[in-house]
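Worksheet for the structure shown next.
Chains: A, B, C and D, in written order; residue numbering restarts at 1 for each.
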């Protein structure tokens, strides 16, 4: 029972972290139609910048400045790179972000080398907040939850209560109309891209010390962010939140409990084959949930796309 | 378009061919390992150790035979079996006769099969495969061949040695086994179970599971299970980011027993574990670093750090590979006849600067050597890793580990 | 070989058709001869291996472009179809070896093709109902699933070590045992010409034509009696077939298939390859495959930083030449038709040569920075462009910097006159 | 009386709460030229889209030659001999003019999804497409990308694509929208020529075109047909004058 609670907290942390990435991406994706493959790269840049800043000015300065730098960089890339490519259509845009992801990873290796960076939790937060049945919950995790939720509330406030937010919301559903109404859509695009990448940067800053700061960190995150926003429904902030938490909990619970495929198959009335080592389906029988935890989101996405193409909360068909 | 592409091919291929013309008198060793991409740090550091060993141990002493020098050439295989095979072919065309590789048993498996076929089909340009780190037991068992030599202890030997030491710890009651979901991870788990049930039937294996390799972002759920299982010790074969992620997560979530593992030193991992890994991380491996086993070893280490301040001597087997190869070439009296060199390597006994003896077992080409359990710590460390205050210190040693372990290898000699 | 050539404006239909025949046949004969001659020029085994790799990538890229260029479908998991075809062929190869069946090796890729197509039929049955994001994301999901399965389902995929076989155990084919690389080379070349020809002809069939129509305007195609979904489905299956053939050839060439053949990185690479070559033209992917293979295999021998250059090249291509390298070449067709292409030669030399030198200068600076930062202590010598120097002294930096500045400077200064010459060359009339 | 070419019974369509089409009954005979007029927002395009299954109707039926079209996809309806054009030009811009027309001929000539025929080798396809191009006066432009044609030429091409398949029921959605006088005359003449002997249903704003072309006219106002009759009688109908012309006048102010 206690373990369920612990897993709920862990899944929440994973989910909220994913949300910070998918929130920005869902805005960018649904507004500009850009499948930004480099989104996770900005997450990585956030971690590296924060590490570099923390060496000189400490963790808190990193938390403040690294996302800003990432956001400005993102806006600059939109302005001088993506906007130019925009006229050619979506596929070139995609290739652009693809190449960008490749280049950022190489540049990070060029500048910081290929090793893992010793970027660690600040001492103020390096203690156990509380324990549940022997499982310690580090204070930093509570801090991550706090940061993510603040950002979500802030984002929700901006989107629903401010004029800029209204325009962005309208642009999410009707990009053409908003342009026709005389708003400076390129400026909005640049802003959204900047904010989206800055959010990814924040995620990098707070995830770097826990999940490791290394050149492969963007690749590890990979396409799961796309999966999240497709499951949640394009352009839906709530969808992104729900899908992130769903993925966070599904993967956490799948890893925490060894659900064996043989049990499921037995439950369905199939008898375990006698001679397992000769059976061509032997690998299927021996699969356990931790093995497949990280591909469950992909299965979920394919099912959603087949049966509910608009996603959980989406209004538009993907 | 045809002309353009042809021009490109001509210029590109002439580069390869041009490169093969130079340095004809050197004995060339092709280092085929990742030099770019996520595993590049291990690969680059390995290449430096090879280059340094060749210069320091062979070239500085006048080379082998009539003064022939070793030349180590790096080939970037991007840890891809396909690229490795292409680079192998390029290397052979450049006149390379010795291939060294270590990262990923998958690549090693592809290479050993390709080399076996190549040597069968092209007797005039045979090559030897000196495997310095791929530890899948199959390579010296079912899949062994005459051209393959392994200078690292395989996963079974390491586990045998590791469980010998664990078996003596009376207070050890519960062990948790976790690893990456692929051949090596599975081999480690199977070997651990087999050895523990044999040596200490009273130890309860409270968990035995696999996780996807290189895909796990957050190890917390695994760590929770380990803590909840009440395990006294953890055994894992994880390496790279998976090792660091798992280790950190286990420690962060309140585990304080030993984590027995294979690869948790150097390449930034020692530095990243830092204080938190002290008293927890235990490694099984060859080659004693601390305390320095001999003056030569200390001198070697110092010289290496002078040349590569950012590097680590974390694979002493690399210098063993170079040293034994040089000895074999001297003994065979040739660097061109691979059958002669291979025969010279078979059964060779070699005194390593890292302490103890090395013995290349002839029936399966597996090197037999001393195994050490080393602890991650900052006390008594003469040579640290990653320019941190931390390094590894030998706690216990198994002499000539698994000298008489059986092998299923049926060596076919030419 | 392209729509643009065969639909030359202003010619009556009948003459057009006669003309297009020679226009379409000639490149194929030239290509076949070139394939025959190449091994005589490059005889080393490594050159043959690299060319084999190139031709396999060409088939794969052409098959990929059946979707992306001709059908407007963006797939993120296309390595799966090639990989599965390859795995299947490898199993057949081992089966033939174990049971001594009579299957000539050259026919093996056909089985890969059938298997690739079979799998494409299963996935296509639900993924081709949409073209845009939905198709792309399903392909991504399926790709990830299969790649993950390849590590879990060891019985078929052989885990992380993959499965391997020996191509020489099959029955000799007219006395050829495929022991030598050169024999494999000709086998692959044969399949290359055959598959490329079939893929080209496919684009000329009713389904192929309608694939273009559906790409441009799926709704209008619906009102012409064609179901967009079925048109996409047929293209998808055909693409799967040729991917499977590429997979079969891979199995023959490397004699090993691993997880790498299925994973997301391979799927991404083929997208980049195809786009680099140019999706708008049939021959685009051919150029892309050749250039990329050379970059990946040969440039990586020269510098550790190859991936940086490749990344930069992609960004430059997508920003400045969205038509890819093929688009760049075809840009010159109008000027050539007008007989003014020659007028471009001198301005090109004036701008592009300094630009190239300038870029090399920048590359030199990058290499020097890298060497300075990551080189071994005391190892101050580095060799660049056949020159060996000390990277810890000022002079080389000044020289490289100066080369970069001057090269780029001249290129910028001459760019306007190139633009002028370009406009002039593409304007009809005037002195020619 | 023989079976009508196109018959609508109680056709209704709502988007959310807004009822756009409020029950339409209409019967169009074979070889009749029928026009639908009405003020903006009357639901003319929606009606077209209902007939061609671009949207499903909320209730009611559409019958083509007496056959119910319910549940059929647009491409299936097309195969039964109903072809339509679009209000906003809807061609294949990246393909050549000739290719545009040839694609429209493929299904009608029985090529279906074949991948064993080469389109270039088919004389009947080439000649058929050239004949259509000749009819719509675009033979000169045959090999240009369709996207580079002038607006009027694109509209002509649209009509060409629509008639190419040999459908006997042709539906044109505002074929002369946004054209100059001379262009309008050209298109009107073209429509006359290509719909000879076929059933035509068209939506049109230009009264000159409507009264010149149509055998009968229906007036659609707020989703209902308020009158169907010959051009002369419709013109004289006071209800039409009040409802439609009044609305049209209002709009102009």
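The rule we apply is simple: a contact is a pair of C-beta atoms (placed from the backbone, for glycine too) under 8 Å apart; a residue touches a chain by one contact, two chains touch by 3 or more.
If you're wondering where the values come from, they're calculated on a predicted model, not measured in any experiment.
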Target subunit D, source subunit B, minimum contact steps: 2
Remotest chain, subunit A as reference, centres from CA atoms: D
Subunit C and subunit D, separation of their C-alpha mean positions in angstrom: 44
Distance between the centres, which are taken as Cα means, of subunit C and subunit A, whole angstrom: 31
Where subunit A and subunit D are represented by their mean Cα positions, the distance between them in whole Å: 48
Interchain centroid distance [CA atoms averaged], subunit B/subunit C, Å: 36
Subunit A residues counted as touching two or more neighbouring chains: 106, 113, 291-292, 294-295
Set of subunit C residues in contact with two or more other chains: 148, 152, 307, 374
Pairs of chains, among all present, that meet the touch criterion: A-B, A-C, B-C, C-D
In the complex with subunit D, residue positions of subunit C that touch it: 3, 6-11, 13, 17, 20, 201-202, 204-210, 212-213, 216-217, 219-228, 230-231, 234, 238
Interface residues, subunit A side, partner subunit B - complex: 3, 6-7, 10, 13-14, 106, 109, 113-118, 120, 128, 131, 133-136, 138, 210-212, 214-217, 219-221, 224, 251-253, 255-256, 258, 288, 290-295
Parts of subunit D lying in touch with subunit C, wherever the complex brings them together: 52, 54, 73-75, 78-79, 83-84, 86, 90-96, 98-99, 102-104, 106-108, 111-120, 126, 130, 142-144, 161, 165
Footprint of subunit B on subunit C - complex, ascending: 30-31, 34, 38, 41-42, 44-47, 49-51, 53, 148, 151-152, 159-162, 164, 166, 168, 179-181, 250, 254-256, 258-261, 283, 286-287, 290-291, 294, 296-298, 300-302, 304, 306-307, 326, 329, 374, 376-379
Contacting residues of subunit C [partner subunit A, same complex]: 68, 74, 76, 126, 130, 132-134, 136-138, 140-142, 144-145, 148, 152-156, 264, 268, 271-272, 275, 279, 305, 307-308, 310-312, 314-315, 318-319, 322, 366, 370, 374
